[in-house]
Amino acid sequence: MSAVLESFATAFRLIVHADPALVRTVALSLAVSGSACLCAAAFGLASGAWLAVARFPGQRAVLLVLDTLLALPSVVVGLAVYLLLSRSGPLGSWGILFTPAAMVIAQTILVLPIVTALARQVVADALRDGGDQLRSMGAGALASAVLMLMHERWAMATVMLIAFGRAIAEVGAVMIVGGNIDGVTRVMTTTIALETSKGDLPLALALGFVLLVVVALLNVAIALFRRGSSPLAADLR
Amino acid sequence: MVARGLIGGRRHAVLVMLFALLLAGASTFAPAQERSITMASTTSTEQSGLFAHLLPAFKQATGIDVRVVAVGTGQALDMGRRGDADVLFVHDRQAEEKLVAEGFGIQRTDVMYNDFVIVGPQGDPAGAKGRDVVAALAKIAARSASFISRGDRSGTHAAELRYWKMAGIDAPATKFAGYKECGCGMGPALNIASQSDAYVLTDRGTWLSFKNRGNLKVLVEGDQRLFNQYGVIVVNPAKHPHVKVQLAQAFADWVLSPAGQQTIASYRVGGEQLFFPNAPH
Amino acid sequence: MTMLPASTLIALRDASVAYGAVQAVRNATMRVAQGDFIAVVGANGSGKTSLLRLLHGVVAHSGSREVLRPAGVQAMVFQRPFLLRLSVWNNLRIALWLAQPDTATALREERAEEALRRVGLVALRDRPARSLSGGEQQRLALARGWAVRPDILFLDEPTASLDPSAKNDVEALLADFAADGMTLVMSTHNLGQAKRLANRVVYMDEGRIDIDLPTADFFGSGTLGRADLFLKGKLSWSLAG
């Protein structure tokens, strides 16, 4: 128990002193996972919405594959991307292995199934409610998908929060494709893993707390934003 | 179109803010340095803290950045074969020579050595204490005492298996129940040994930096056979033309030079020297 | 083959609608003429909604459905209108954009303004559509439908979920639309409403069109009057309601 308290204290000290190396590590975590979520949002929301409106042979098989990919282990994604980006691999000429770009690619692949599957579910549910009426107003499949995405934007924001949580918390993928290079590709989770393997457990735990605090602050910011802009906010006051 | 007027002023402002945050974070993405090389080394070497001491000196002398990817020896050598590193710095002589023979490395040169020790529970239930590593292992097996092996194709793991062989035990996993493989790095293996009061073979460097010792103590040390030889290899541009061979060679040359060797020797943990330079003159 | 009067907009001949094994509409033969205000009445499950969808052309069917003015615009209003999580104004604009994507933006906005005025929702234009009362939401739905200047407006039990005063508001609007010359086809299980608004009553029972008469005849005494059938409890009879 005292170890946990010691870690709390260490975490507090780390945050207050804002040690530049720590700040850089946190910033890199946010940038990598944030970028990955932006990319995943661009592809995943559109794909999910399209899957909800489309009708094509083999659709059930596609959905099955999608649901299975939800359980993709991060280390497997890391390995697959490593083999792709390795100099001996098909995309070796890109030369981006062991750089943050590779980490963004890996995390995008990791969270893309989550975004797609959840977006599909949300849009499909919305279409069950109002798809008929939209169609009778003249909306084709594409228009319906886009309108429902916009109609369910708060649900989509939650989907992206889930994806971001998954990304910023994972260590397997970024470790393998990033190489945990000090000052270049070291993020919060790989730092925690490193300190753990060095046996400095209190520091590892403290860093874990710091990561949680950062994510909590982000969520507070987002919650404030949502409350201010929610269309029904007026009714709640 | 219809979208105009849907995005309210406040939402727009926050989106811009988020984007700015991302850009700020992205600026921490270190731009691809021209004068930098990628070095594949082992977790035990990095965790000993040697690189934090050695590489800044190298950068000062040459202006070259060394980016260390620390993995197990097996994976480090694999990176050499794949061309994902410019220079290798590992400690498994047989595997290194094989890699050079296969043409993936230009040549292999001795750099330094550290030593392995066997740490174990203070009570030493197997009576392993002493200077003889082979005798110690034989006693541990005979007593079926708890022994943690890294089991990860690392240089340390390869050395451990060699010692078992010298003690007449070919596949220790099958020979006594106390033997456990974790498939992990040196730090995690020490963690497990510390938790379960087990014996473990470790390099002295990782041991000296390890903070979670529990009940463990150094029991076996000083045996000549425990010396752990490091080699440096520049990856062969004949196999991978993109390798930054000049910069990598600069590193190899420096670390083998008197300046580099002196820097190695001056690295201390708790007042103790960890690595002993032994480059050929 | 009987020739259809020139004012016919839609003609059904022996049309049927089935959802899997369930027959929703059986062998329906009827026509919708310009200027009609048809009330389709029947108990729940009698096929009113399916008949409406059949006439509107949004459901697969067997038999014949002819639309005699292919360029005719149709719109439909539902019992519970689906409104996007946007303002009243934007819901209207999007509905117009969906129905008439090729119209100039300025013209669309003009039509949207007009529609708001027509149904009396101008004061609420910037409110979130979902925060409106039931009656106001239905008036918005009517604005959506009216804004595209439909030749036929279909309404599926438009006042079934509304309180009496909201119902009156909606009925007044519908009467206005009819007076302007719009053709309306409305399903309802409220006979009083049918009597008040419609000039033709179509009675459905278990998917079949049993009766198709002008309102006066349907509610009249004499051999043509069938209203008494429903006093026996097949339909709700509320003259005052």
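By written order: A, B and C. Residues from 1 in each chain.
By our rule, contacts are C-beta pairs under 8 Å (C-beta built on N, C-alpha and C of every residue); 3 or more make two chains touch, one makes a residue touch a chain.
Predicted model only: the values in this text are computed from it and were never measured.
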Find the two chains joined by the most C-beta pairs in contact, please. A-B
Among all chains, whose Cα centre is located farthest from the one for subunit B? C
Using mean C-alpha positions as chain centres, tell me how far subunit A is from subunit B in Å, no decimals. 31
How many angstrom lie between the CA centroids of subunit A and subunit C, rounded to a whole number? 47
Euclidean distance of C-alpha centroids - subunit B vs subunit C, Å: 77
Overlap residues in subunit B, where contacts from two or more other chains coincide: 6
Hunt down the residues of subunit A that sit against at least two other chains at once, touch-wise. 150
Among the residues of subunit C, pick out those that touch two or more other chains and give their numbers. 86, 94
Subunit B to subunit A touching residues, read off their complex: 6, 8, 10-11, 14, 21-22, 24-26, 28-30, 32, 38, 43, 47, 52, 67-71, 81-84, 184-188, 190-191, 194, 209-213, 240, 242
Tell me, which parts of subunit A touch subunit C in their complex? 129-130, 132-139, 143, 147, 150-154, 231-232, 234-235
Once bound in the complex, which stretches of subunit A touch subunit B? 24, 27-28, 30-31, 34-35, 38, 86-89, 92, 95, 97-101, 150, 179-184, 194, 196-201, 225, 228-229
Can you list the residues on subunit C that touch subunit A in the complex? 56, 58, 75-76, 78, 81-82, 84-87, 94-95, 98-99, 128, 130-131, 144
